[in-house]
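Below you'll find the structures, each written out as structure tokens.
The same chain A turns up in both complexes below, where it pairs with chain B and then with chain C.
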Partner chain A sequence: MSEIDFGSGLMPALIALILVSTFMLLGSKRLYTCVRAFGFQSFLLAVVAAVVAYSTGRSEIYVVSFLTLIIKAAIIPYVFIKISRDIGVKREIELYVNISPSLLIGGLLVVISYYLAQAININTQLSNYALSVSMSLLFIGLFIMISRKKAMTQMLGILIMENGIFLGAISLTYGMPLIVELGIFFDALVAVLIMGIMVFRINKTFETVDTDVLHTLIG
Partner chain B sequence: MIKYLLLIPVLTALFCVIARTEKQIQTIGLVGSTATLIVGLTLVIDVFKHGTITTWESMLFADAFSAYLILITSLIGFAISMYLIGYMGRELKDGAIDLKRLRIYYVFYHLCIFSTLLVGVANDLGLWIAIEMTTLFSAPLIAINTKKSSIEATWKYLIICSVGITLALFGTILTYYAAVQVLGEGAGALSWVSLIAVADQFDPTLMKIAFVFILVGYGTKAGFVPMHTWLPDAHSEAQSPGSALLSGVVINCAVYGIIRFHIITSAAVGKEFSSSLLIMFGLMSLVIATPFIIMQRDHKRLLAYSSVEHMGIVALGFGFGGVLGIFGALLHMFNHSVTKSVLFFAAGNIRQKYGTTKIDPVSGIVKSMPYTGPMLVLGGLAITGSPPFGIFLSELTILAAGFMQGYIIISTLVLLLIMIIFAGFFNHINRMALSTPPEGITVGDASKWSLGAMMILVVFVVMLGVYIPPQFSDMIMQVVNIVNVVR
Partner chain C sequence: MSPDIFSNMGNTIFSIVMVLAQIFLIILFAPLLSGISKKTKAFFQLRKGPGIFQTYYDLAKLFRKESVVSHNASWIFYATPIVSFVAILTAGLLIPTYTTHLPLGFAGDIIAVMYLFAVARFFVVLVGLDTGSAFGGMGSSREMFVAALVEPAMMLSIFAVAVSAGSTNLGHIAQTVSVSGLGAISPAYLFAVVAFFIIIIAETGRIPVDNPATHLELTMIHEAMLLEYSGKQLAIIELATMMKQLLIFSLFANIFFPWGIWSGTGFGGSMITVSAIAISITIYLAKIAIIAVCVAISETSTAKWRMFRLTDLLSISLILSFLSIVSFIIARGV
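So, the complex of A and B:
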């Protein structure tokens, strides 16, 4: 597979910024900051996709880049802000794991991902780098899901995982066939909408969006 | 043909949106599922007679394995849509749901059927999209109740399955990367066939990691222990038609996804790796489900844990491998789907009559419900693997394969667990079915539609135990040949 020639200096910087945006999310207690960090991360992903599109000359990747920008960097953050305004959720996020240990665990997960990515035979340095960041996002997203109380932050966790996978896909294989990408975007959008409706229902039924209250079904 | 098969459920859902009365919704639903069944069967026969069909630049693809899944989906889907008329009609009359909710239920039910059919015909990468869709479209079927517990179950279902499926996407992408390294970037849409053809050149480490992600990801959806935690909640909190759909149809889709990648991984790194993982998860599911079945107090959760058990058995069958093991596993998928649907239908009738899903307050069903009662006992006998029903035969086949392939200790353990589950499960059924009904329960059964749906499926439960039509076994043999690539 050919190395990306254009932007070979730009790509590592972008990928590093994506990792930084994840830590912004991990290190913030304010819901809006988290949503903004997610939007910023998606924006960076769109730029990565555009760089890949330019350097490989495959025009359908521009479509993917554009869709990322519209759906993940605009619509989904908007939906989030709207939901939290409508149900009047508290701005502060409640955590099971505090900020500083969260950041430490995040760092540890990055190191683990780096070694995992080394285990896989990847022929270029850049892809290897991207893969380790992609796995970091996967694990940090998972960690955010289990360490935050609010239903909305759990949604954010899933979306971060998805962003990680997207980064892996775009930098390893220069994107999947367009129709598949479209399907994945469609699924992400529907997932956010249905989960959004569920957040409303949880709020209406339990008068809170803390997932702490969801613990009656056991055994 | 494939396009029509996918179009019909979508159209049915659309018509349900604009339908005005209860009667219209029910008629549209039934006509839609009948059409799906007919087109589905035609497609199945076509595939088994003339081989693989591909359309739409090979994005859609149906080989024998797909056809087998479509057969199960369209059959169970049809039975459920009959049952829906009786069950939901009663709910509507009782005021448990209103017309708006009924409409939502029908719309999402048919969308869910669409997505499960899409799982069957999606080629390679599209599979992920289809399986994610089954999660999204079936979630509203659980949330149709406004009870707190239903909301909790839906949220768990959405979150846990979305995470699982995201991991599966990562596995899918790694597989795609492995393929791109061999085939070059221009390969475009990859098909199952072209992947298997070059699978032996895949990077083995990459493929192993990919399969682990796929197995954990789709395994979440299939209810393998320890990723099963959402399943008893979702399957028991859904209304009975939804439970039947989840246990009888959706769960098979996830297993189908795993086996598709099991085939590729076997071709790439030899079959020991993925087979032993399947056996491990299968055995764990069986071991963990057993105490929950014995100690269960809720009859719908009982059925849900039984689904965990049976998916474990299916995984074991595929894991043991060989013609016999795979044949048994495939047969077991079919048998489990029909039997479990009958039982969930019975559970729905019981809930509507006794007003509870707990086991303790329910007794004397055979007396109070002259049709549901016997069918519950029959289904209970069948699902626990007693002769002469279908599941007995498929479990026997799988165990025979286990012993033949040299998994003596595991097979003995499985046999033991199945016996314990039989005793525990049937004890519950016994208590519910026999003795006298509590006071205030009058004799009278569910509507003809509900009973009709159950009877159709009971025919398969009974028949497949004593006689497997040669056409049907030929069909399964064709699927076995697809799965059994590394001999």
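So, the complex of A and C:
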């Protein structure tokens, strides 16, 4: 099983890089850098999927990998940058929790998810890191949704959570059935488009994408 | 006399030669490294730039000049160039360059290196305050602000590699990593590499943190503390700064990419040893030059950051080195 060996040699490094890219996103104050970090993360995810496909010999995962590359690493970042150009969002993102504390919280979340993953104690042939990192992405995505003020970055948060679930699914179960994956991709894409339109509407009504303003009623 | 004593004598002489070689290597190539990184920056800014040997000419010129010392200066002002030069050179004997067999390896490890750097930094910071200029004090407070964030990150990222190598001796770490081949590339290793790259930028005073090429009061950190120096003293302290840069690059090269380092311990008495050493010196210089070019590229592609945003960059480094240790512990399954 040299293919499995090849995969298990490469997977920890790739998964660690995914976590690094998440921290780049968490530690950046510029919207475009965040979007780029997300694109890089999705690219790495596509590589992970390709490695899983190669080492398990399931050719349908190649399709999933290809779709990840097209949709998450290219189309979604493109849509993001297009929307933010069109409505002229401020390039600097605004936060409830400042960068340094949010990095610390991110580190803490990673430790917690490592601990949780240990408690579950699943060992796959490919990687022991996959589950804990996928849980960290889930938590960090949730944290980004809570701690960022603008709708754009909150969208990024939910996409990171989605990436985390995808990472867990692909590396623990070697992918869900193709039809389910397709559904999820379609879901993510449509979600981004709908959220994009929502952001447009919010911007049009309130002249800002700051979700704080949504608390006040407009008559 | 038995042949055993002869070989012991040979080894003693060999060790002395190794110490001298390491000192010469550090002093000789530190200015060249500065020259290379300046030239690279000039290339990316579409300038011709000074030649790579310009730093040698500058130093030679400064050594010929007279030093002017303020009336208010205390003994610290005279002591600092020498203290920082000697501290950094001593640290250089604890850091692997072309060989894992460290001249002072028996006397200290990474912790000693950190403290030697800290001694040098402490004296330079004192000098910033010594002459009582407002400028120097500002530089000193900024330097300590950066140092407080950089030092723990640097310790943690090297410790992350040290725990997997099972030793804090830098030569031993380099040896272990170079022997383990591609198996060394674990998540802990990757986190530590990224963290250490950020530390290089901060510690050698490169652009998002400090700008080595400017004397603009709003931006500078390192230069502000040295403003009062001139002549020979300035030359010594500049050389010490360049040496520190070389040593930080060496740490990065030989802790994280030690492949090709010479790991022999004694003199075999053959031409093979000499040629092996020559090859490893060449590889070492190539690695250092590549790192210098990479740092220069990252420097040209970013803008200088506002002082209080530096915490963001440096806390990324701190968190990544922390995660590096955590992921090592998790991988070991404690």
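Everything below uses one rule, namely that the second predicted complex is superposed on the first by the 208 of 219 C-alpha atoms of A that agree within 3 Å, B and C clash if a C-alpha of one lies under 4 Å from a C-alpha of the other, contacts with A are read in each partner's own complex, and residues count from 1 in each chain.
Basically, contacts are C-beta pairs under 8 Å (C-beta built on N, C-alpha and C of every residue); 3 or more make two chains touch, one makes a residue touch a chain.
In this text, all values refer to a predicted model and were calculated from it rather than measured experimentally.
Superposition of the two structures on chain A shows chain C fitting alongside chain B with no clash.
By the touch criterion defined above, A:Y174 reaches chain B but does not reach chain C. By the document's definition of touching, of the two partners only chain B reaches A:I120; chain C does not. After the superposition on chain A, the angle chain B-chain A-chain C between C-alpha centres rounds to 160°, nearest 10. Touch criterion met: A:I194 reaches chain B, while chain C stays clear of it.
Look at A:M24: by the touch rule set out above, it reaches chain C but stays clear of chain B.
In the superposed three-chain model, the partner touching more residues of chain A is B, compared with the other of chain B and chain C. In the superposition on chain A, A:V110 makes contact with chain C only, while chain B stays out of contact range. Chain B and chain C never share a C-alpha pair closer than 19 Å once the two structures are laid over each other. With the contact threshold set out at the top, not one residue of chain A is in contact with chain B in one structure and with chain C in the other. Across the complex, chain B meets chain A through its residues 59, 125-126, 128-129, 132-133, 136, 139-140, 143, 146, 148-149, 151-156, 158-159, 162-163, 166-167, 169-170, 173-174, 176-177, 180-181, 185, 188-189, 203, 205-206, 209, 232-233, 237, 292, 295-297, 301.
Residues 9, 12-13, 15-17, 19-20, 23-24, 27, 29, 99-100, 103-104, 106-107, 110-111, 114, 118, 128-129, 132 of chain A touch chain C in their complex.
Residue ranges of chain A in contact with chain B, taken from their complex: 1, 119-121, 123, 138, 142, 145, 151, 154, 157-158, 161-162, 164-165, 168-169, 172-174, 176-177, 179-180, 183-184, 186-187, 190-191, 194-195, 198, 201-202, 205-206, 211, 214-217, 219. Across the complex, chain A is touched by residues 182, 185-187, 190-191, 194, 309, 311-313, 315-316, 318-320, 322-323, 326-327, 330-331 of chain C.
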